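Per-chain numbering from 1; labels A, B, C and D assigned in written order.
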Amino acid sequence: MDRLKVTIGDLELKNPVTTASGTFGYGSEYADFIDLNRLGGIFVKGTTLEPREGNDYPRMAETASGMLNAVGLQNKGVDYFVTHIYPTIKHYDTHIIVNVSGSTVEDYVACAEKLIALEKIPAIELNISCPNVKEGGMAFGTSAVSAARVTKAVRKVYPKTLIVKLSPNVTDISEIAKAVEAEGADAVSLVNTFLGMAIDAESRKPLLSTITGGLSGPCIKPIALRMVWQVYHAVNIPVIGMGGISNWKDAIEFILAGATAVQIGTYNFIDPTVSVKVIEGIENYLDRHNLRSISEIIGKLET
Amino acid sequence: MYLCRNHRCFLCILEHVFITTHIFAFEMKKMLDFIIRSNERLNSRNHLLKVSPSTGEKLPPMFPGQFVQIWVDDSPATFLRRPVSINFIDEKKNEMWLLVQIIGEGTKKICARKEGSLLNMIFPLGKSFSIPPDTKTKTLLIGGGVGTAPLLFLGKVLKEKEFSPEFLLGGHSGKDLLQLDNFEKYGTVYCTTEDGTKGEKGLVTHHSVLQKKKYDFIYTCGPQPMMMAVARYAHENGIHCEVSLENLMACGFGACLCCTEKTTKGNVCTCTEGPVFNIKELTWID
Amino acid sequence: MDRLKVTIGDLELKNPVTTASGTFGYGSEYADFIDLNRLGGIFVKGTTLEPREGNDYPRMAETASGMLNAVGLQNKGVDYFVTHIYPTIKHYDTHIIVNVSGSTVEDYVACAEKLIALEKIPAIELNISCPNVKEGGMAFGTSAVSAARVTKAVRKVYPKTLIVKLSPNVTDISEIAKAVEAEGADAVSLVNTFLGMAIDAESRKPLLSTITGGLSGPCIKPIALRMVWQVYHAVNIPVIGMGGISNWKDAIEFILAGATAVQIGTYNFIDPTVSVKVIEGIENYLDRHNLRSISEIIGKLET
Amino acid sequence: MYLCRNHRCFLCILEHVFITTHIFAFEMKKMLDFIIRSNERLNSRNHLLKVSPSTGEKLPPMFPGQFVQIWVDDSPATFLRRPVSINFIDEKKNEMWLLVQIIGEGTKKICARKEGSLLNMIFPLGKSFSIPPDTKTKTLLIGGGVGTAPLLFLGKVLKEKEFSPEFLLGGHSGKDLLQLDNFEKYGTVYCTTEDGTKGEKGLVTHHSVLQKKKYDFIYTCGPQPMMMAVARYAHENGIHCEVSLENLMACGFGACLCCTEKTTKGNVCTCTEGPVFNIKELTWID
């Protein structure tokens, strides 16, 4: 099984298949469907310093091969996570990575600090790319300067593996990736959702309470794949790729484009067993292609 | 005092019925292919599908108000699964019934499926209607349109548990009232239609039985305005009332946080905390 | 029929339904399927000063609810257009708008100048957003400065209606729209394709000869719609909306978001009669909603 | 000197056959629903579909080498239409035959369609094989795998025009050789299989008939390496050779410029200038 092992910063994942923040709850939602311990890692729900009620209903609209969401980081806050949720999930034999969000740099820092002591949380993912909150969120991820600023501040206090999650809603994602790399990020993950919108022609109203929301699912895969490929060639830290992965082929494509690991998001809603199928598909691919290790093909797109 | 809403809760089974907050012992959720045993067109917009696990395995315990998530894998226009209530469980035949109304692409494709074809479903999802502890409790099940779907199953269970449920079913016209024969097996059925072609003319909340009789429990499912009117009636008359919501869902099992309803406890997921809610938990009535 | 009429600069379209450049040839490709004269307008193929052979095969990859293309502006050059193609299409009873592309500002200017004299070409669309050419193209459309520069130069020489076609591959499309408005563009059209990529997992090779290509089709609609809505609120010139339109509902959504007219692109490949169906669907919508004119709902999203 | 490739060209019809560049009078392209009259599984990967216009209208004139674009409207994985050659036209029954090999989602869905269901198609598309002016011209039709599809139709037309076409069909194994009975109606059939289970063992280009006989015209369709080998053989032996390409297509009617092939005239669209090309136009052989 070692041939699936990959390394992100100080973090060793037993395989490159993880699940994306906000689409996999705290893992337990999927425990009926799969053995969570088979996953390379679980990126849990977006967590903020203070509890958040999230946005008003409706928060979801189906689109062609995808969906828009406007959840808006509903969560009970980092303290609740530490005291109530962490104890119930810390026994998983997989890495749990907390996705951290905030409205100010101080929020990110304070939230990150509270997670340091949690033994079974080896890494955090800074979400500087949430399109569904009014302040902060995506605003940090759409400029190299502010992305660098929040990375720098968190890096100062957070000694474990620091992953920064990039927004695709930018002209040049490599530039942002380089900026967070320069400030000490151990890895970048991409992409978060694309800012999108849906309208009901009959009522002439937006379908989301927030008018715009985040687009995810297979529809975004071609753009996400391109961005992973660009970022892979721009930075020296590992890239975690995601955006529309729905089967092992997609995962291999991201890995060929340069992803050391992948996250599966929206497709878990359609097939809650998809993550395990992807792991099995990758194993099978290695067999068929006589590869000793997945690392042999990371970034090995033949151009 | 009544049984907790998860009929499988071992604490309730041990009759610790006075414990109101406790760990529920849920049946595992599954993803499974079902085979369509029959697909009957009830009227121009509604189909009744009877399905059973293609693996031949026995259906797990399921409870009225719970639903399934159906994968519509033969349409380019449907990405997400479609939630549909469990209409009925035929234990003997190991069949689940689904009453589906054609609304858009997804339900159209589901209704077009032929006998013998497969339907991939995630089930059982959500919390069920609660069963009163005392079988003398007077229960009324009010349904509108395809909202009657979960009430047939509920009527059956109530009857089996020796309640005497009554039904009040509304529709635009007589032909919109579905499965009346089935409902009649479990209790008296009152009807209203907007055009007066069957039962009393008007809306369910105007039916005379609501003036004449006093009920202890009302369960309702149907269009939102109807449920709100029912909720108001129940509230005004101090009747315990449970409604089944149809919020838009992406996952159906608590992972996406898209199906939220504002409650007294804040935003909660309809798919895991509902779809059945006591109206007291909702913010419908101030 | 007047109730479908819309105005873009000096241009009066008999209805807001036009076809997108590069997806509708010179119109004649569709003459067997529809009456071209029913269209509000036809945006013909990307035209350059010099003939271009385009990119190598393969130029196309199917994606979830969309496709990637890497045609690379294959065309016989503006002179050939003027002498050979124009005479065969000038009799259409619809507006023909030429999509102009170039590698340098001078190219754009020279190409535009050659089109001024063509009586039946009342407008050009400056394509500063083609992701499939090495120099120029999208590079102009991803910075407000260069977008302004090319607009200004062409505006100086081109007296008829000047439409600038924006790239969606940017952080802030409103900023670019405002920049070209300031330089005298009569309208903006958006969006061009998104830069994307597709990989064949088995061969480990890109599916396009150019590695990356432009993503179009229903998959991009939610993002395109959001951009049209943003740009509508940022500028005072008309917006022509496109991106994944496949039926009348989509068209109405773009119009509600702020589009004065729409372009239908990729979906013509799937249903070559879609444009006429959209016109009929819009008429029907106006009837059902008791609207006297389409202009009553432009930008009238109820938020 | 031979007839222009568009058999409907009025100039050719007027027998101005020496005019080589002139305006072709094309049959209009149409988008139409066809009804599947039958769907026969020929082997594990190939189906033969016989379809006719659901409107009952008469099929327009169509020519061998032309193709249709099929809308796969029941799959989330197929956005674009799928190009398929016209395998045969049965004028009497007003039926078109399509020979489809299951490759991916699109062809799988097409082959899964039941008798009586509809298939939306754009047709007829592309240019056909050319017919030599002299019926004494010795023609050989070389097909590999499902590439034999357009050759059956071509064989029929050649035979009707009083040629004596011969066929050389190759496959991996005997069961991959499709429609042999049909081919035999129109001329001698030679076979090769890689495993030797039918005809000569080996590849089509190694068949002994190519040594023994001399042909004037070779038409070929099949896997690219096979066609290239055939083209090389024809080129070396000075034989007129036409190949039918299967470039990836988005539209199929000249609008997208995605299906280009490098030719002596530069990049041209396979869907409008092909799919049939004279090998002299291609850059395959230097």
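In the analysis below, a contact is a pair of C-beta atoms (placed from the backbone, for glycine too) under 8 Å apart; a residue touches a chain by one contact, two chains touch by 3 or more.
Since this is a predicted model, take the numbers as computed values, not measurements.
K.L.:
From the centre of chain C, which other chain's Cα mean sits the farthest off?
P.N.:
The most distant chain relative to chain C turns out to be B.
K.L.:
Any idea how many Å lie between the Cα centroids of chain C and chain D?
P.N.:
36
K.L.:
Just give me the whole-number Å value for how far the CA centre of chain B lies from that of chain C.
P.N.:
A distance of 48 Å separates the two centres.
K.L.:
Could you grab the centroid distance between chain A and chain C? Build each centroid from C-alpha atoms only and quote it in angstrom.
P.N.:
Taking the average C-alpha coordinate of chain A and of chain C, the gap between them is 34 Å.
K.L.:
At least two partner chains per residue is the criterion; list those residues in chain D.
P.N.:
76, 78-79 - these are the residues of chain D that touch more than one other chain.
K.L.:
What positions in chain C touch 2 or more of the other chains?
P.N.:
Expected reply: 61, 63-66, 217-218.
K.L.:
Hey, how would you classify the chain contact layout here, line, ring, star, complete or other?
P.N.:
Ring.
K.L.:
Go through the chains and record each pair that touches.
P.N.:
In this structure, the chains touch in these pairs: A-B, A-C, B-D, C-D.
K.L.:
If we count contacts the way the header does, which residues on chain C are in touch with chain D in the complex?
P.N.:
Residues of chain C touching chain D: 22-25, 29-30, 32-33, 53-54, 56-67, 69, 71, 74, 217-218, 266, 268-273.
K.L.:
Okay, in this complex, where on chain D does chain C touch?
P.N.:
Contact set of chain D toward chain C: 28-31, 71, 76-81, 122, 247-262, 266-267.
K.L.:
Which residues of chain D touch chain B in their complex?
P.N.:
Listed in rising order, the residues are 73-76, 78-79.
K.L.:
Please name which positions on chain A make contact with chain C in the complex.
P.N.:
Residues 61, 63-66, 68, 142-143, 169-172, 194-199, 201, 203-206, 211-212, 215, 217-223, 225-226, 229, 244, 249, 252-253, 256-257, 285, 297, 300-303 of chain A touch chain C in their complex.
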